[in-house]
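One chain, chain A, links the two complexes that follow: it is found with chain B in the first and with chain C in the second.
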Partner chain A sequence: MLVIATSDKGGTGRSVTSCNVAYRRALQGSDVCYLDFDFGSPTSGAIFSIDPVSRGTEGGGLHSYLQGKIAEPQRIDVWRQTDRETLRSRPPGAGRLVLLPGDQGGGEFSMTKDILQRCTKLFVRLLEEFDLCVVDLSAGRSYAAELVLAATAQQELRGVPHRWLVFHRWTRQHVIAASGLVYGRRGLIEAGAERGHDSQVLADSIRFVRTAVVNPDSEELAGLRPTQVVWLLDCNKDLQELARQHQLGRTMVLATIPLDPVLQMREQLISDRDVWASQIANAATVAAFDQLARRIADDAAWDEL
Partner chain B sequence: MPSPARSDAGGDGAGILIGEVHTGLLLNSASLRQDMLPAVLGLLPGERVRSFERPISHAVSPELLVGVDCDLSTASGTRVRGIGTLAVRAAITGGRVLQGSAWTRLMGGHAEHRLPWSHYLARPGVVETVGRRRNHPYHADLADGFLDRTNNRKAPGIDFGAICGQIMGEVQRSPYLDRRSPFKAARTTLRWVAEESPERRIGFILGDDGSRTTRITFDGQPISAVIELCEDLALHDWLLSTLLDVIDRGMPSDGPHETMMRRIRPAVDHLIHLWMPGARVVESLLPLWESLDTKPGFTRQWDTLVNRIRDQLALRTLTLLSASAEGVPGRNEQGIRS
Partner chain C sequence: MHDGKWHWGGRDPSNSVSDAEQLLCIMYPASAVASFKLDIPDATADDVLDALSNLGDAVEVPRLLVRVITSYLRTYTDENGASLFSGGSYFHSDEPGREPTADQANLDVVDSFSMSVSLMLATIGFARVFRTTVRREDLRAEIDEMEALASRRLTAAMVGLLRSFTVKVFPPDSPAGRTLINTVNQGDAPPRIVVADLQRALREVRAGIRDFTIGSGRTTELDNPNRLFECGWAWGVVKDAPEIATDDIGPQPQGVAQPDPYLYFTVNALDGIADLFSERTTVLGLLSEEQVRLAQALRLRWELTQSYWATIGSFGQERWPLEDLPWRTTDEKESDYFSLLVTSMVVQDLHRRRATDSDLRRVGEILEELAERGRITRRATHEDQAIRLHEPGVGLSLDGSEELGGPRLRWQVSDYAAVVLKRALKVAGMARSTELRDTMTALVDDVWAHVLRRRIPSGDAQNLWDSPRNVFTAIDAKDDHQAPSWYFTERIVECLVEAANLISGSPLRSSRLAAIALDLLNEAEHLFDDELLSSSSEVGPAMRDSLLHTQASLVRAREVLSTRPGTAFVLAGEVLRELDRLTVARREATGAT
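After this line comes the complex of A and B, so read on.
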């Protein structure tokens, strides 16, 4: 299955969440690969703590592959090559976790027929070996997004499930922007239909992920003054109404990721040890990643509309 | 543009054979039926797909030729340029396992510069070295250079991986496949070198990341027989690696029954019946297979794994049966109490 992660605005935590979801899914026993399609700023290497490719690779990444400079893009086994010792061995029962990094100084490019063909070939190639391919796009409308929309509409990928995750923060501006990215002019659905997708099928394969969400009922906010809590609850209610009006209502939400200080300070994988041993991360965050990782592949979560 | 190749053409028996076999899972929900094989493997219009039903379903695409002109990898780092063609083909075994196989015969050329292309086309499946090195004992240097993947040589050599990947990709994107395979499996790569020698021998080295190398000496068998031996070896090595992976993943001993079944089932449904070492190997090369079966002992390991799966399934079934036998009166009692 292909899962494509996108967002309208930057700073939504799209990359860090999708890396963590890839990691959780691998822990759950699936073979997972992560494709860094954020060609302008490939930073997934840093999130997986693979120092040599922290800002993209010099050894032939996805950018070079799509432009036809190399026959196959570089693959990095995360279990083996991560610098974080707590992640370095593949736990029993876990699947493969492989990163396909972008190129250092890659930059955007426009789509040609050859690039589209290479992209389709790559997806078919990876689907042979991996249960889940996470494609992380850059924020906003990009050529990479157009490319993936076009590739998934090709005959070779027709029978393969592909699902879109649209990340947004839980604020007015982000809700409106995320809605525009999906339903607006030149949005995902309109652009997808032009590329040969069935609008309804495509719409059914899109879900939203709310990130950095402050839960007004959580224990961490116990110190707030009652007036502040009331104000927060009101804001939350307004946002829910706004989201509903913009077709981002509860049934369209696949997961809600709580605000976590670790993710705010440093974008990284959160291991169980970060929660239980060093207690720097919140159990709720890991639970949210874990649930999202399960729901991605759970047909029931996508059928309920 | 690829053109048909003949694997037995190629000269006077001198030189060494080098090649690579990539093995992976065919992207289809069911095992591919025998009658579909010609459509999926018919990569060259007008050329026949060879297919066999016994002892196991097997089909081979026509051989294509790919032209190369590049520096060959050498163990010593000496620069040796090679020009000529590789032969490449795809094969499907048991309707389930896909292989891309490419090879060429490296021979010392007589020219000191590149000859007209017609010269090389007249020798399909042969790469000739260019330069004055033909009296130099370069066979061993080229063979060692080719097999050593870790060597940071200046010349990466012929990119067999790209050529095998290309032909496998073409098959996987066939309109006759649905690309919904019941499970996923990593590809493995077998790189091989074969030389003529009075003594028949085989060596096999297992590397990390799914890479394997093998070295063969043979005496007078046709090239096609050597290639089939390598393909058969690669196939069984892949089966073994894939089954090992399934077991590693699916058998944490205390996992829930459904999880174990979900993970073990593909192996039972799609892999176990494919084990047939030496099925397509000519008789005179069978002793080589048998020596590998003695050490490292492919079949012995395979049998152990298959037995382990069967034992686990039997134990689980017994546990489930006894649980349900105990469970039925338990429920009744509760029913009576309430």
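After this line comes the complex of A and C, so read on.
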């Protein structure tokens, strides 16, 4: 299955969430690969704590491959090459976790027929090898997004399930922006239809992920003044109504990721050890990642009303 | 829910009444409380979802309801397409040693008509809204099917209610006549005068009944002006009730019930019928044209019946017959429960007439006394007869049920506490003075404390009702109170809905308090202006903050003066104190003290 992660605005926690979901999914036993399609700023290496590729690779990444400079993009086995000791060595029962980094200093490029063909070929090959391919796009409308939309509409990839996750923070601006990215002019659905997608089918394969959500009921907020809590609850209600009007209400949401100090300060994978041994991360965050990782492939969660 | 499967039935095995009650425990609040919104998954309240998490998430719950309601509708439709309103396991035998026959268990009962009216209206409204959020064809087809079945059952239930209404006519010197005269004659007037007064008071009701064109209860005997009468609902379809020409709802069953009105079934029918012309029903346009016609006919009976019982219950210039506890029915049965039922109708009638607080206060006092006599707000002695009101409840013999062979049937009613609670809430909601509101709220609190203790303490049905043994220790421990009584639980849910609507309204406004608040506010504003005038424009940050804060309080106080005079009062008070501090400080400075 192909999962494409995107967002309208930057700073939504798209990359760090999708990396964590790939990691969780691998822990759950699937073979997972992660494609860094954020060509302007390919930094997923940093999230996986793989220092040599923390700003993209110099050894022939996805840019070079798509532009036809090399025959195969570089692959990095995260279990083996991560710098974090707690993540190294694959836990028993876990699947493969492979990173396909972008090129350092690669930059955006426009789509040509050849690039499209190479991209499609890559997806087909990876989908044969892996259970789940996570494609992390950059924020906003990008050539990479056009490319993926076009590739998934190709004959070779028809019939392969592909699902879109649109990340947004739980604020008015982000809600409106995310809605625009999907339903607006030149949004995903309109652009997809131009590339040959059935707009209804495409719409059905899009879900939203709310990130850095402040839960007014949570224990962490016990220190707030009552007036602040009342205000927060009301804001939350307003936002829910706004989200509903913009067609990203509850039924369109696949997961809600709570605000977490670790994710705020340092974008990294959250291991079970961070929760239980050092207790720097919240259990609720990991639970949300875990749940998202399961729901991605759970058909019932994608069922239409 | 058990293992993802819905379980019907509770203390009594599944039957058309109990199953409707079970569904109404969710559907009634879902249709009557605005924040529920089960029909719009994107807008369902979070706490509602938390409470229903056992049934699934925001998307699964409405889909489950569609499936379960459809299954209810299919179960209670026979092969000829007729809707079944059978009492089933709620029927008991009135003759020891003989069990009800299968034919008897299939008899239709007014409780089922009434519950079905409420449930079907809730269902149709739910279907209309939920359908708009659904795009999938198969799901839409399911919803449409549910709505069609529900609409058909609604028509059938209305026809059932029209065919079980009855008017009993009797001469003043019959036993029934004498009892009625004794009841209404609370002074010492000669019977002849009482009859004449009563006839005069009931003139309109009598005329209304003579205008009936469809259904049961039509009679020529009322043309004789010397006869007395009673009207209301029998326990089921009345014997020889004519069929009603309407849309196809399948064969209409023959009635067997004796044409005698029962207070219990009358109150029940009235409650169900009231939903037919609620604001929601009208706004959402839930009724078809044919149903509107039937609803009109029912409304006429609803108004006449309420008016009749209110007239009887509060007859005369002196003590109301209702205040003479316990009530005595014309078939010479006495119980506080009957007083309670008549009170219910009087409350409804007062509501309809927008009565004054003085009438309401009298009803409130009766409710207080009934709560005491029912040992809700008083402790019961060990062999207290009042306990029997709650467990096993009052038994009503269903006259005419024996005609199908088998024993005469009995209907057991044990909702005494729930009825007291519901009517007390109603009166509290109607009160205009704070004193009456306060008295009634206190009664509601007491009854609620009693009801809360009667929840089932453990097991699957934990926190559902009803386990009267928790309160009345004299009740035999062998009675099984592990399974939920949907009968009682549904009635408590109705009370909770009533309470929710009462609380979400705005608080009572006391005109006295508003006048005082206005005076205070005037003084505060005047002093504040004076302060502004006398202090120089360069006052420093501390003073500026204080003045800004004071001004904000004054603005806020003006804003809420008419809606929340108490709040305005306190805000003005704070301002006055703040300003006084400044004044005192100044006097210190000038050495005036």
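Keep this in mind: the second predicted complex is superposed on the first by the 304 of 305 C-alpha atoms of A that agree within 3 Å, B and C clash if a C-alpha of one lies under 4 Å from a C-alpha of the other, contacts with A are read in each partner's own complex, and residues count from 1 in each chain.
We adopt the following convention: a residue touches a chain if its C-beta (ideal position, glycine included) is under 8 Å from a C-beta of that chain, and two chains touch if they have at least 3 such contacts.
Note that this is a predicted model, so its numbers are computed, not measured.
Once chain A of one complex is fitted onto chain A of the other, the partner contacts of A:Val262 are absent, as it touches neither chain B nor chain C. By the document's definition of touching, of the two partners only chain C reaches A:Gly249; chain B does not.
In the superposition on chain A, contact of A:Asp31 is made with chain B only, not with chain C. Of the two partner chains, neither chain B nor chain C is touched by A:Val229. Using the contact criterion defined above for the overlaid structures, shared-chain residue A:Glu156 touches chain B, although it does not reach chain C.
Using the contact criterion defined above for the overlaid structures, shared-chain residue A:Ala71 touches chain B, although it does not reach chain C. Looking at the shared chain after the overlay, A:Lys121 reaches chain B, while chain C stays out of its contact range.
Measured by the number of chain A residues touched, the leading partner among chain B and chain C is B. When the two complexes are laid over each other on chain A, chain A has no residue in contact with both chain B and chain C. Partner chain C is touched in their complex by these residues of chain A: 240-241, 243-244, 249-252, 303-305. Of all residues in chain B, only 24-25, 27, 159, 161-162, 165-166, 169, 172-173, 175, 178-181, 184-187, 209, 248-249, 252, 255, 259, 263 touch chain A in the complex they form.
Interface of chain A with chain B (complex): residues 29, 31, 71-72, 77, 92-96, 120-121, 124-125, 127-131, 155-157, 159-160. Taken in their complex, chain C has these residues touching chain A: 41-44, 58-59, 63, 133-136, 139.
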